[in-house]
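By written order: A, B, C and D. Residues from 1 in each chain.
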């Protein structure tokens, strides 16, 4: 929306925050450092949780003696026990093993989807912001169209087109959050374009493509990285939501969202079964968000 | 001698973080007497603003800021006051005219509303009365068309007008003490003089004391009765304005004066103080000024022993300096020599 | 802040309290309401355009057919009181009930019947399930309460089709009602014991007793059908007493619900067979031995017990018991050794099976498929399970040459429980793209008998022929025969008189509180 | 005033371009969607003729360009077509179900604002103390919770275990509680995070110190900061509201909610293209309206914002 953009540009909050505009204030750098430090404690916690999830996913074959797809109907709906730490599901499969193996899919989808979103969205956004004028107009109209769907809706419609399965869901979740990357990259390009070094490069006769690659992209990278980290959580949620509806990764693959989708038929009979996959999704998303927050504060405290 | 209006005793301000503690103000004693104008000078980071903000309780009230000592206003310790009492003093007994008028007015409220807020905190006024008084205040500080300006938003004001509006807000409740924190720094040179005029008039009208925080010695010479020079969170010299200008007794004061343009005087070339103000996280031991001081060259005492503020002489009542060797500084003629020595 | 959260908390609490849920006492006031939870999405309300069983069930409150079925699937008179076949079997004369009025006051007569049936064979009206009526060549109004249907060829199945809600009697005057057109009767006006007074889309349908109903009047003044697709929500509603009747609660909870003091369970047999289709025109399933072997390889009894929670009945014929012409053919008993041996003999060890299944379309469909797959793996078959959303799935399995599966799960039911419709799942006439027989099962001998059976109006002879057919199919095993579904009804025990038709319909017209 | 009208016209034109684009994207998408929509709608048992009839009605045999032109023409006449599945005008069905979605979006957002803004403010005012820590945990946890999980957890607790609230449907005030709460938790989290970070920044602004210097109560100073924080908060609230309008799909499914989110899923599953098109078009239009209203609100909360 043109109006929205202009309003955002006038947004008084967009300026650099001055913790104490008093030039006597010695607190400012420490203040920022402190803030960084505090949030890094949370970020550390996030990193640890993520590391545990990753190790569980990678080392699942050694950590669990259960095959995540092996069913034993006589053992269905077992409560947590010494044999099955988190119990068994409706087909008698070991829930812990499924969650461990499932991490492979869920985490991978999150990361790859964001990579796709950034790989498509950032160049488009940079071009849009750097060239401005009619290029910008056309791209922004297009982005507006995509933005009028939210990430989940966009992914949902895409999955209907692409079909279900891991690949489609990854692409769909990626495209779902992609419009936001266009926005972010565009905003960065807009401000970087006005800087002296870009002006200098133009004076030296560098081509636009070269300038974007050499000057604009590297300078836009910090916010993009922060944004990407924060969005891995979102894509995980989108993919899991699709799985929950049965439109995501297809069983027997133990993707967490589809595990939750399977479990919801049994909330009276075995409420336990829906607890753990949900918890796993929550923890994964939480760890990425904590790390994203930490990164944001550490790399660029002005970014929100 | 009358009792001081404001009496600061051993004020310390620390900014704490998990990693380190920074002492922004390290034990300041300062008295302000009724009717007088005190100039507080120093470079950035010398603690002059922090001292006065701490006195008003306007430093961020978080665990990271530790304020100790006493701030006595008419004998009452502001630092011990409950927030409710303190609120009644702020704006009524002491008011702040802040440094940067561009950022000190709430951008989303009309200037009149902000004035009204200042008025109605301490005075029982109807909206209508407050408006009339607000317009009158704007007129007092020389804002043209005050009726119209009263209802405008700050972004419609120029920088000078905003500072006038800040002054209007400061004097709204006839405070006994005005603290002006670099009131002209952010303004054009042409506007500075006007603003100082307004400030002076305002002070005269309200009979208020003025604590003028600035790094501009010229302004001090013009306005102040008494001067306090701060360096690295401590007062290094204080005294009567004429005495200080005539016979500064601290090398830092000398340096400050030397770095002041002297209106084409060739004998007094512009000489900056060498080096930079210290990092407050790592204030040098001994005299904090010693790494930059010409007098301290080769003297162990300067780097080992913290000099205390002491009377320069019995005759010079009130003139105090915190230099171990202030006796070696005498006469204004010595300025440039010392300054040049420092520079070399 | 504290004040605010207090306010919010108390607002929430107020909401909770205002909900003050009803207990299990059945509503006995004169304006008593029965509340039923159904788990489907409504589509069109025009019976002629209808293709969904549960929507037909809903419409049955409003509209009535000429004939109907009892709990055993036997034909019963409804708006037709008697009927008679001509000797040659190509004309059916029906006596219509007298003194019946549509909800709009129009009297029900032979003209109305002609109008209603006429829409089914009129090209202007879209009738997805209208095939059975295409055989009507001509309709003669003999007198105001007698109508004769002349047929292209003799077929006894037409009479059954007249029991399908699709052929319900509609008021001819309703064409002019608001929102209606001849092609599209979205506000159906029928003769049923209730009339639809409110349809909140996606949410509920409210029916009110029709006081001029020709038969015994129902006890409940109002029937509210709540549309709640989530089976958990249905179950929670029943357990809390907000719903009096629900259909198809999660099967895993049937036992627990049965144990509840206030809840009763009805397992209503249905005509829906659930099975796996072998794609028989391609290897490896072009071999009858291989198909039979896989039939032996799966312990259906165990799956019914463990995965289906005994919610379904083991199939003992290609027809479900309520389908007309059903005869028992037997069961492929679980015998993995025999299965292995047969596969070995057929040289089909280690064959690749791409097993397709929908998810959530039929009772425990996906779960059962998983279980079946593990049995198949035990006899050395390599199984790869595929699944997709329903639209994609049906597109896949009905494609002539792009079906990604060679074994896939389905559960069909002939709406009027007629053998003819059931046969479209086996006969060439049902091969894609014209029908749903994705097996491409080809048995000329069987087709010949089927041809004759369709035109045979003598019940005993026809049943004999269909029995022969069923035995052939059972031998040839184009399906892996699994089970026939039950419609599971769970209701408030304090209400009696809830019954069903064996084509997945519940009947609550004569439901009432227990004394 | 003239400038304002001018501005509105420009926004309207931009909106039309966007909506035309949305329609184009949809129609292109439907071209490549697997599954024969006519077959799906007619049902597997339908005769080939019945399927052909529906295919013809839906215009599936015509080219995408023809379909596009025809559709746009119809929309301009205020007709979103008829659903081949329900045989009811698309607009009628949407009109009936939209209020449920809007109600949920409003309640969810309201809950988010009522809980999120105070939480964020308190966290900012008490920065680095326990309310801040608590607020930060609630905030980051809230945006990390999958709504489909929280929804089911709430059902398990309130509907299954304690039996004090209905698990689905939308017929009593009580049935609004759980779905709004499900959405509210997420909204609250995202709003409180934005409020906190903005407030931390604003509370350090010079003008807030000026206000404190006047001797007002701390809450007045906080109010000044909050007013200045309004634009970022408003932005996130409106984004959140827009998301809920178009995106409560999962929540609507879990709670059997009769809104258009569920209708959309059902329609996609049933390949009911006219309905899908209609719903998405309405979503897009609502998104545009929400943005427009937000932009107008910016000018109200911040006198410096000029739209035209």
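Observations
Going forward, a residue touches a chain if its C-beta (ideal position, glycine included) is under 8 Å from a C-beta of that chain, and two chains touch if they have at least 3 such contacts.
Everything numeric in this text was worked out from a predicted model, so none of it was measured.
Interface comparison, B-D versus A-C: the higher number of contacting C-beta pairs is recorded for B-D.
Among the other chains, the CA centroid farthest from that of subunit A is the one of B.
Chain-level centrality, scored on Cα centres against the all-protein Cα centre, points to D.
For the pair subunit B and subunit D, the distance between mean C-alpha positions equals 53 Å.
Subunit A and subunit C have centres, each the mean of its CA atoms, that are 44 Å apart. The distance from the centre of subunit A to the centre of subunit B, with each centre set as the mean of the Cα atoms, comes to 50 Å. Centre-to-centre separation between subunit A and subunit D, using Cα means, comes to 20 Å. Within subunit D, the positions touching two or more other chains are listed as 34, 128, 155, 160, 204-206, 228, 253-254, 302, 304. Contacts with at least two other chains are made by residues 12, 18, 20-21, 34, 160, 163, 264, 267-268 of subunit A. Shared interface positions of subunit B, i.e. residues touching 2 or more other chains, are given as 53, 60, 64, 99-100, 103, 107.
By the touch criterion given at the top, residues 71, 73-74, 76-77, 90-91, 160, 163-164, 246-247, 250-252, 262, 264-270 of subunit A touch subunit C in their complex. Within the complex, the subunit C residues that touch subunit A are 230-232, 235-236, 250, 252-253, 256, 302-303, 306-307, 359-360, 366-367, 370-371, 374, 385-389, 392. Those residues of subunit D lying in contact with subunit C across their complex are 34-37, 39-40, 42-51, 53-54, 57, 85-88, 93, 96-97, 100, 111, 114-115, 118-119, 121-122, 155, 159-160, 163-177, 181, 253-256, 258-259, 262-263, 266, 269-271.
Listing the residues of subunit A that touch subunit D in their complex gives 1-4, 6-8, 10-13, 17-21, 34, 38, 42, 141-142, 144-145, 147-150, 152-153, 156-157, 160-161, 163, 233, 237, 240-241, 244-245, 257, 260, 264, 267-268, 271, 274, 278, 281-282, 285-286, 289-290, 293, 304.
Chain contact summary for the complex, subunit B toward subunit D: residues 53, 56, 58, 60, 62-64, 83, 86-92, 95-96, 98-100, 103-109, 114, 117-118, 121-122, 153, 155, 166, 169.
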